[in-house]
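In what follows, structures are represented as structure tokens.
In the two complexes below, chain A is the common chain; its partner is chain B in one and chain C in the other.
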Partner chain A sequence: MTRVIKTKVEIEGRVHEETVVVEEEEPQAWEEGHQFSLVGKGVNRVDGRERVTGAARYTYDVSLPGMLSAAILRSPHAHARIVSIDTSRAAKLPGIRAIVSRENADVDWFKNVAKLFDSTLRFIGDDVAAVAADDLDIAHDALKLIDVEYEVLPAVLTIEEASRPGAPEIHPQGNIILHNGHNGELFTRGSVEKGFKAAEVTVEGTYRTSTQMHNSLETHGSVAMWEGEELTIWESTQYIFGVRERVARALEMPLSKVRVICEYMGGGFGSKGSTFKQPVIAALLARLAKRPVKLMLDRREENTLAGNRGETLQKIKVGATRDGLLTAIDLEAMTGVGIYASWAASVSGPAQELYKCENVRTLTLGVRTNMGSQAAFRAPGYVEGMFALESAIDDLCAKLEMDPLEFRRKNHSDIDQGSGQNYSSKHLLACYDRALELIGMEAESLLPTPGSLGANGPWLRGIGLASQTWGGGGGPPAHALVRINPDGSVEVQCGMQDIGTGTKTALSQIAAEELGVPLESIRFRLGDTQKGPFGPASWGSITTPSVGPAVRMAAADARKQLLEIASYFMETPAPSLQLVDGCITTEGRQQGRKALSEILDEIGDYMITGKGYRGPNPTEPIRTWGAQIAEVEVNVETGQVRVLRIAAAHDVGRVINPKGLASQFYGGILQGMGFGITEERVVDKATGRVLNASLDEYKIPTIADVPVMIVEAIGKADTLANHIGAKGSGEPPIIPTAAAIANAVFNATGVRLKELPMTPRRVLEALAAAGSAHEGAKEA
Partner chain B sequence: MNRFEYARAGSPEEAAALLADESSRIIAGGTDLLPLMKESITSPAQLVDISLWLKGREIVQGTEQLEIGALVTLSEIVRNEEIGTQYTALADACGLAAAPQLRNMGTIGGNLLQASRCAYFRGPYDCWLKGGDTCFAREGENEQHSIFLTSPEQSMCVSAHPSDPATALLALGARVRYQTASSQYDVDLGDLYKLPTEEQRSMTTIPRDAVITGVVLPAKPTKSLYRKAMPRATWSFALAGIGVSITLERGAIAEARLALGGVAPIPIRAEAVEQAMLGHAPGELPAEDLAGLLIQDARPLSRNGYKVQLLMGLFKQVLRDLAS
Partner chain C sequence: MNTVNKTIADRAEITLFVNREQYIATVPTRRTLLDLLRDDLHLTGTKKVCDMGHCGACTVLRDGLAVLACLTLAVACDGTEVSTIEGIAAEDGSLSALQQAFIECDGLQCGFCTPGQIMSATALLRDNPHPSAAEIRQGMAGNLCRCGAYQGIIEAVQAASSSGDE
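Right, the complex of A and B next:
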């Protein structure tokens, strides 16, 4: 019977209530100790062959008969108004098939703020006009022939400047994102005034992190094709249903007439969770030209306008008793959201949740600037917030002369301090212990004793610890279908997408496990809004815990139907029948074993269809936990930081595919390392132009920078969270890395780096400042 | 990228003749030229491909010198045993430059003539080096720019020279051969570079219609090496690069050449330090004093003061490695 109930779902640090349609009873949980044949076994990607041979079709690879190439004219000014725009010269260029601009496309985009092609341009890269041409060179030539007169307006480029009273207003809704009518989001628990009064030791600091850019290997982009009034979009996206909704809304079309396809995609890391303008612009051009249109961003566009992790400025103060009990945490954080983002990253999440502390106050300000908008970037806010919090805690430990691990044990919270409830599961203490075992060093050496780990010439060695907390419980809605064909082959359908994380593989394992068929007989179909029921966005580390249970339930439903059919032909009650390895057997007997295809053959062309959905969440909060320890070398003469080893232990529930999990951990650690030591967007302060938008200028870690990574999931099933016992693992591994590296740098040098990334400039400046402070102290 | 004609030249003479057309440019590996064209920093009407000139791909060992053809790639230099043992600084520099794919394509001739990496030069800015009025980096983002020769009287442009091999070759006392339609030239590598002037907004002295044909290394030094500081482990231009070569007599340094890259608009020699190194055994050089001498003329910009410290640190590394 269909019922509707409400349940809480956490995504990227924010909890919201979701309405869920409940149908059949969900399966019994796979309890800890359950005997699996496939789940928990490391398997290769089911689509690995397609990916490495080039057979996999990414959006970039889509090529249709008659397809045109499109390019966009972008604002050269950080803030300007279009006085006039004249596309007539461009239109005369041979090979130009369509042009769209504010003159012929009046489409709402950012509600009450800006149209698709607005007359006010608010950052370098804002869309002015677009052309479709026979090839990309012609399209680019045409852009140069569009005559635009701009009236340049005052621009604000930094969060400090934008948040200052009297700063030029750059956005109709103000320079700071409002929360319940106030500037920023205030959180309080207890009283920090009281907490600091009780504190015997306090530490404070101002921390900064730089803007990090996603740099997915495949840039954002779309191919649009009209067939009559029906529109098909191929899009490099983390959310095909999200693109469908956004495109349909922009073009005022019914959802049923928009189809979105993303079979394979080359990375998103959060930046492709929301829908950018490309699919709509491509659709408009395709409609005008009456031909399919491809519109892919180039690397500079990608790094100018397709999202980023905004810079932060965090003022944090923590207090504790002499014996190391936290009494207060106070954090004021500003985070840059660029111009159009309407949300602030959860920079304050770690301060609110990680430690047991009665008195916490956080204020989070999302600040707008005339720069490209932020987009979610792998654990948005938590990566930045964890750096400031864990640095401050490390300072506090140094001041208390307390081992950082002992401090963490002392200030561990067994319960969720917001709700007073138990967590669905929490194995953070086990993560600390395991990380320490994995790095193979004594707890004592975590204490900041510069140089104690030795030096190799000017290279000083140090180690540092940091923690991880994050959601990742997932939740409804998510649906799946399992269809068993007459030949015994199985198709699993879900309208979601595999963003390269191995979704197809892990979900195929779950389906095969539940059905009792070999992994090879599963064909997982996803990436098409027309082929499968609703699947969620691939964000917030929600995929496995959201879709996994739906897939399992659909498989269980299909198996049940199959065994009921088999019961008729095998003259055995269905409950005594089993499906193992693609064969139906009677429990406890070997004779009468029938292959799946034999039974299906009996019923002709009937196709068994199992249905599954993701049920509601428990009332207990679901969170992931973890710890990382970094071992680094710092060259005190040149300021270079070398990461030697990272040990990572995370509690992400039951592991479905250890191989897929390890690559999530490796990728997260490397992105965290880039955030910590090499990656930063450089902006020309006079113009607001990104100066390092290409991959040779913007320094992501190379293979030569990769440290030894020793990664492990604690792996305990969380069956309270959902019946497969898994939590998400995409974001957890990036969260503590930069913080652990920063603490290791402190451990090596005795100097606290308060600004990321820790480039040679920042390291040498910090060492020099500490040195001159030291000299000053001596003189005094 | 603009549309262009494509021509092949089988020899430097042929190439030089084709360069008579003012909007022609030589292409060999294309690792710098093509990105410049993609960004419309340069828009040649004709590309003259010299990569089929086979003699340009040879490394010829003479009795007193070694000649490297202009088309020899950086990878080929890294793999060459003679260069690795006799002219270690060059092998070091080529191995530390760029990334494997770029080293496989990039030629030594092209590397010496690569353009500035300044983001303002490479971006849509009408910068002084491109003929404009302003060096935007001087007051702007200059974290990776020059710390020497930065006063406007010395050089309006403050970008840092990007070539690792040029710095190593300067330390090795190399010569460069080039050819125009009418004649052949043989110059000190140091003379290939000059600070740009109001009239000549370029860091090189080579005529527009000339083709580099080779690099000549003189008699090998006792020891040479090149070290580089980068913002990550590889595939980065030098924050600072140091090339050094020394010749020993009875255990003491009789000749020294010390060259710096990534810290001035062109590769420069540190002659005062070279002088001060003479007479010492490599293991007994007064590192602190020499490092102080090395940076005495440094005039960093608004955001690159750290490079002074970094250069001293890198130099001490060079001295340690020279002694070992």
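Right, the complex of A and C next:
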């Protein structure tokens, strides 16, 4: 019977209510200790062969008969108005097939803010016009022949400048994102005034983090093809159904006439969760030219306009009693959202949730500038917020002369302080203990006593700890179908996408496990809105806990139907039949064992279809937890920071594929390390131009930078969270890394780095400032 | 405008072998090897990531040497032999030791850098059949991976090198 239930779903620090349509009963949870044949086994990627042979077809690789190449003319000014635009010279260039601009395309894009091709341009890179041509070189030639007259307007390029009273208004809705009519989002628990009165020790500091650029190796881009009134878009995206909705809305089409495909995807890290303009621009060009159009961003465009993790400025103050109990946390955070993003990253999440503390106040301001818009970047807000919080906590521990692990045990919260409820599961204390074991050191070493871990010439060694909290519980809606073909081969269908995380593999394991067939007989079909039932976006570490239960339920449904059919042919009641390794057996007996295909052969071309959906969440809040310890060397002469080892222990519930999980952990740690020591968008203060928009000038970690990484999942099933017992794991590993490295630098040198990334210049400046402070103290 | 037209009209005929097959093509002289492979020969396994020689994703072998296809003009490949990711498995489809090791060691996530990684590693192992971990880090440092699959890549190159067959 169909029922409608409301349930809470958390995504990236925001909880919302979701309506879920419930039909059949969900399967019983796989309890801790359940005997699995496939789940929990490290298996190779099911599509590994396609990925190592060049056979995997990404959006960038799509080639269609008659396909044109497109390029976009972009604003050279951080803020300007188009006075006039003349495309006539470009139109005459041989090989040019279509041009769109405000002159012939009136499409709403950012509601009440800007059109697809707006007359006001608000950052360097804003879209002016687009051309489609026989090849990309011709398209680029044509861009140079478009004549535009601009009226330059005052631009605001930094969050400090933009948030200052009297700053030029650069956005129709103001320079600061409104929350319930107020500037920014205020959160309070208890009274921080009271908390600081009760404090015997306080620490405060101002922390900054820089803008980090995603640099997915496949840039954002689209291929658009019309067949009559129907539009097919190939898009490099984390959310095929999201692209479908956005494109249909922009072009005022019914959802049924837009199909979005993304079978292989070259990295997103959050930046491809929302839909950028290119699928719509490609569709407009394709309609005009009456030919398919490919529009891929180049690397500079990718780093100018396709999203970033915005810079933050965080003022934090924490207080504790002499015996190390937290009494108050106060955080004021500004985070840059660029020009068009309508949300602020959850920088204050860690301060609100990580520690047991009665008195907490946070104010989060999302500040607009005339720069490219932010997009979610792997644990948006939490990576930045954790750096400030865990740095301040480490300072507090130093002042208290308390080992940081002991402090964390003392201030551990068993319950969710917001709701007063127990979590569905929480193994954070086990993560701390395990991380320390993995790094092989004593807790006392975490206290900053510079030089205590030894020095190698100018290289001082240190270790540092940081914690992780994040959602990752997932929830509805998510749906899946399991189809068993007459030959016994199985197709699992879900309208989601595998962005490289190994989703397809983990979900195939779940389907094979529940059905009782070998992994090889599963073909997982995803990445096409027309082929699968609805699947969610690949963001917020929600995929496995959202889609996994739906896949399992669909497999259970298919197995049930199959055994009922087999019951007839095997003259045995269905409840005493089992499906194991692709064969149907009678419980306890080997005889009468029949291969799946034998039974299906009997009924001819009948196709079994099992249906599954993701049910509601429990009332308990679901969160992931973890801890990382970094070991670093700091060169006090050159300012270089070298990360030697990272130990990571995370509680992400039951592990489906340990091999894929380890890769997620490694990748998260490396992106966190980049954020901590090398990655920083550099902007020309005079013009707003991104100066390091290439992979040469912007420093992501290379293979030569890889530290020793010792990673482990605590691995306990969370059977309250969902019936497969898994939580998400994509974002947790990036969250504590930079904070742990910063604490290790403090441990090594006794100097607190308050700005990321910790480049040689910043390290030397901090060492020099501390040195002169020491000198000053001595003289006084 | 005249100069633009002239550039487009400037074409040359080239003959080259790609993955042991002969191709005769008339290409604009400004066409890169990367665009020739991807757009004209439909060999899209070789990826375009930066198009500026910064990332290694378009690495192919030309006459046995690793080159960046985005920085190599197609006309400069006249009379040469190019091999790409599509050509390194055996004729019967069985994977090279490196390809297999990349799967076994999970030396990839999204897979977009993988063809370039495997071509660089193929060249590395040809020159140095048994590299140390440090030599692998040095030799592969020009191939960026944003997913951070480096740990698996190091293990994969080591595994393929000890298997005896590069």
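In this section, the second predicted complex is superposed on the first by the 780 of 780 C-alpha atoms of A that agree within 3 Å, B and C clash if a C-alpha of one lies under 4 Å from a C-alpha of the other, contacts with A are read in each partner's own complex, and residues count from 1 in each chain.
Throughout what follows, a contact is a pair of C-beta atoms (placed from the backbone, for glycine too) under 8 Å apart; a residue touches a chain by one contact, two chains touch by 3 or more.
Predicted model only: the values in this text are computed from it and were never measured.
Enquirer: May I ask you to decide whether A:Gly48 touches chain B, chain C, both, or neither, giving the answer as first, second, both or neither?
Expert: Second partner only.
Enquirer: Contacts for A:Asp684 in the overlay, against chain B (first) and chain C (second): which applies, first, second, both or neither?
Expert: first
Enquirer: State whether A:Asp137 touches chain B only (first), chain C only (second), both chains, or neither.
Expert: Touch partners of A:Asp137: chain B and chain C.
Enquirer: Check whether A:Lys659 is in contact with chain B, with chain C, with both or with neither, and answer first, second, both or neither.
Expert: The second partner, chain C, only.
Enquirer: With both complexes superposed on chain A, which partner does A:Pro760 reach: first (chain B), second (chain C), both or neither?
Expert: Once the two structures are laid over each other on A, A:Pro760 reaches chain B alone.
Enquirer: Look at the residues of chain A and decide whether chain B or chain C touches more of them.
Expert: C
Enquirer: After lining up the shared chain so the two structures overlap, which partner does A:Pro701 touch, if you call chain B first and chain C second: first, second, both or neither?
Expert: After superposing on A, A:Pro701 lies in contact with both chain B and chain C.
Enquirer: With the two structures laid over each other on chain A, which partner does A:Leu670 touch: chain B (first), chain C (second), both, or neither?
Expert: After superposition on chain A, A:Leu670 lies in contact with chain C alone.
Enquirer: After overlaying the two complexes on chain A, where does the chain B footprint on chain A coincide with the chain C footprint?
Expert: Of chain A, residues 137, 696, 701-702, 704 contact chain B in one complex and chain C in the other.
Enquirer: Which positions of chain C touch chain A when the two form their complex?
Expert: Within the complex, chain C touches chain A at residues 1, 4-5, 7-8, 28, 30-31, 35, 38-39, 42-52, 54-55, 57, 84-86, 89, 95, 99, 102-104, 106, 108-115, 118, 136-138, 140-141, 143-154.
Enquirer: With touch defined as at the start, can you tell me which chain A residues reach chain C in the complex?
Expert: It comes out as residues 44-45, 48-58, 60-61, 63, 89, 93-95, 135-138, 141, 144-145, 214-219, 264-267, 269, 298-299, 499-502, 659-660, 662-664, 666-671, 694-696, 700-704, 706, 709.
Enquirer: Give every residue of chain A touching chain B within the complex, in rising order.
Expert: On the chain A side, the touching residues are 76, 137, 457-458, 635-640, 642, 677-678, 682-686, 689, 691-692, 696-697, 699, 701-702, 704-705, 759-761, 764-765, 768.
Enquirer: Quick check: in the complex, which residue numbers of chain B touch chain A?
Expert: Touching chain A: residues 1, 3, 99, 119-120, 123-124, 136, 139-141, 143, 229-236, 239, 303-306, 309-310, 312-314, 316-317, 320 of chain B.
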